[in-house]
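Got a structure for you, questions after.
The chains carry the letters A, B and C, assigned in the order they are written, with residues numbered from 1 in each.
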Amino acid sequence: MFIRNTWYAAAWPAEVGRSLLSRRILDEPVLLWRTNSGQVVAVADRCSHRRVPLSLGRLVGDTVECGYHGLRFDPAGRCVHIPGQADIPPETCIRAYPVVERWKTVWLWMGEPSRADESLIPDLWWLDDRGWTGANGYVHLNANYQLLVDNLLDLSHVSFVHRETLAGPPEEAEIPVTIESDGTMVRVGRWMLNLDPPPMFAAARGGFPGKVDRWQLVTWRPPATVVLDVGCAEAGSGAPEGNRSRGISMWSNHLITPETETSTHYFWCYARNYALDDGAVTSVLRDGGYKTFLEDAAMIEAQQRVLDSGRGGPAVDIRIDEAPLLARRMLGERLSAERAEGTAPRRARA
Amino acid sequence: MFIRNTWYAAAWPAEVGRSLLSRRILDEPVLLWRTNSGQVVAVADRCSHRRVPLSLGRLVGDTVECGYHGLRFDPAGRCVHIPGQADIPPETCIRAYPVVERWKTVWLWMGEPSRADESLIPDLWWLDDRGWTGANGYVHLNANYQLLVDNLLDLSHVSFVHRETLAGPPEEAEIPVTIESDGTMVRVGRWMLNLDPPPMFAAARGGFPGKVDRWQLVTWRPPATVVLDVGCAEAGSGAPEGNRSRGISMWSNHLITPETETSTHYFWCYARNYALDDGAVTSVLRDGGYKTFLEDAAMIEAQQRVLDSGRGGPAVDIRIDEAPLLARRMLGERLSAERAEGTAPRRARA
Amino acid sequence: MFIRNTWYAAAWPAEVGRSLLSRRILDEPVLLWRTNSGQVVAVADRCSHRRVPLSLGRLVGDTVECGYHGLRFDPAGRCVHIPGQADIPPETCIRAYPVVERWKTVWLWMGEPSRADESLIPDLWWLDDRGWTGANGYVHLNANYQLLVDNLLDLSHVSFVHRETLAGPPEEAEIPVTIESDGTMVRVGRWMLNLDPPPMFAAARGGFPGKVDRWQLVTWRPPATVVLDVGCAEAGSGAPEGNRSRGISMWSNHLITPETETSTHYFWCYARNYALDDGAVTSVLRDGGYKTFLEDAAMIEAQQRVLDSGRGGPAVDIRIDEAPLLARRMLGERLSAERAEGTAPRRARA
């Protein structure tokens, strides 16, 4: 059960070129490539003839040629050549998907194509702004994507899962959060004043002279885009009041795309607006990101295995679950609305 | 659903000796060995007592001794010894299968034993004739055997799957075939005149001076024996009229045996009637055969995975599918007839 | 279907320390550790909050802290800390299991805790007596535990499965056994007089001058404790009459604990009352034990695979199955009684 009329991150731009990238999204096989003019396009990764993946074939100009019998398909999914016959039956055409490259991200629309409105792409301007630079990565997760959303909307886990990167001193675990929602998003955040800095932030700045004031401000938008405004500044230097000049600040971006009901594409990026040309800082953030998000993956995958067993029993909710539960309710409502509306296409044949 | 009252290739002769060969055929475990006199025999690979595979035991004379409790079975499946007791209950006997070694191939009859008529073995005399020699191999395929029959009855795939061995120039892909059937077989074939030779045929002859006339003449007999009369001769030297003296000719043999509904034993052999003692030619054909048939395997296994997913949707048929679809119809009729007749034994207990 | 109101071997003592040992027992995840005072304790290996395994967390004093959100649980399964909140809802508590360390074995009670009577632990005094020493091991078996009980209650398999360790000359296979039962156990045994000694016993004594009198006396107690009084003495030296002074004698211990319906924890130990300080003898028995019991494992796992296939058909019983079948009947009765009584707790939520 996935929301379909929405944009999902499908790839980082460097992953898509003049070769065939096959990626399962919302449990459908999708084939991505760039045309000769550089545009990213996407069609079903299934030949209509004998149903083999087109990704086993090859690019011929702007078309993909099936590796088994040589049928060719253009970026609109039209079959444009069948060896040994001149007429091309319309049922040989395959599904094409709207694709947009924006904010240095490839976005895919799996829903009704006529509703693929580019203005619905989440605004992540800092991913494509000259004043900002990023360290990004991709993690494949053997777990349902909502478990990752839960994880990101719960700040308390940082103290236990990420001891060596993001966790500050133990007392952080007890600091409460504030939660807001206007029905289109959930925001959860907290300030942690006058504490030792967490290891990765210290490393990403070259250290702090003493204690820091730290912020973690999370925004989730359905179905699965989570951005965190996070940072640290020297304690008492005015960060809570808006002066971040004695600290560092980052957008921690989490673009989450269901692969199947039990697996997820996890695109993450730390974007910063300082030390833009300092490769060492980029390395600290990339290495720290992988370490951190693989720690999440290990925990979430363990959780999924218990769910898969059908034997974990009911989970007991506690106070820290308030924001994740709110997001799950909103997601459920949106899913129901989309189903009631009947505008989401059924799963494509491909 | 398999045809049972027929001979299937079970092994190449060199695979069967004074050791225990376990091979699953029509989804039954079969145990093959040679008696002291050299005869190949086959029984169910299951002890009747605690159901362990007899292949974990050992040969004792012409009998197989179970590795767990020492029961012994003769080539007719009779239990001939039970440690610790003198009486041998008849229900300890196991199934034996008719086996014949012919055309340098071990043939097994999985149906009603009384109907195991040796004259029904397909005539492949060139596999055991002094004027011919062969390069053979075995490929295990994780796919239903009919996908491989489809593949062999469709010549168009050669241009796309086998670019480096069997494909001639691109225009071959457009050359139509002729199809015949007398109700006992399907024949599909074509002549391709005055084209560059395909790489493997060039290598197997030591080259051609120029263009060639090429033939591909396929005969399928149910359920799954496919032989191809294939070759090339110098263009214009009279091959279409019957004079093959300025070229090379081969029987490409494909003996296909279902292992399970989704896996297949694929015995193949290139038999030739020239350069009989030239090991280099044998190597060209053996290496080319493995390369070629593993390319088919990769494509067919991808097709099977889509079928297994239950999500590939219907396949669209095109012109090149005419011969494969004809063979599938004939196979379906024969399967229905066998079931209606009720002469095929149900799956053995073993 | 497991008997629950009974003690099962859960670990060898050296396996449990100040780290977290996760072991599935009767298909429930169990977490074992030692408190600071050295006591072995056991709770469900599932956090009540988000159901992740507590074994991914860490010990904090005598409690285990969940690695995801920091909840802490004491050895009685009580939740004693939730980050960010002072009140602890009772439903956050998890199941704890009675544990006893006795006979150098960690015993676990999976049934109704109030019935966990230590006097029900099988008497294996030789495992913790100054006059005895042991060579022990652990084998994980991908098979139902009853297949292993069957194996141990059938002495005939020794001649076929264990040719290189325990098998004597071939005529042993024909020597009958005597069987007794008083309704609480099954005993099966035999004496084998004036035969060549089996290889492992010869090695464990430094050889015998000639033939031996050999005994194999097996006692099974439900559900799955099997001890064998086994040994060899010089032929004619009076062993059958009770004088074992010219031979060696061992208790071969088999503590069998279901992991799941199709997998088993197999704790084994050869205990001897001679050459207590001779490490070479310990090595002979440990190496011989692993070789022997891995041979059983290979056979039993093959048997399980046939059972899993649902296609092996019925097994034919023969004379040597008398003792295993008697034990299966007793086990079935005890299982029925426990279910009728309704005293076994249903599977814990965890």
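The rule we apply is simple: a residue touches a chain if its C-beta (ideal position, glycine included) is under 8 Å from a C-beta of that chain, and two chains touch if they have at least 3 such contacts.
Note that the coordinates shown come from a computational prediction; the quantities given were computed from them, not determined experimentally.
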item	value
Any chain that touches subunit B and subunit A	C
Homomeric contact subunit A-subunit C: same or different residue positions, threshold half	different
Superposing rotation of subunit B relative to subunit C, computed on C-alpha atoms, to nearest 5°	120
Separation of subunit A from subunit C, taking each centre as the mean of its C-alpha atoms, in whole Å	48
Residue ranges of subunit A touching subunit B (in the complex, touch as defined)	46, 48-53, 56-57, 65-71, 82-85, 89, 91-92, 347, 349-350
Interface residues, subunit B side, partner subunit A - complex	150, 154, 156-157, 159-161, 173-176, 298-299, 302-303, 306-307, 311-320
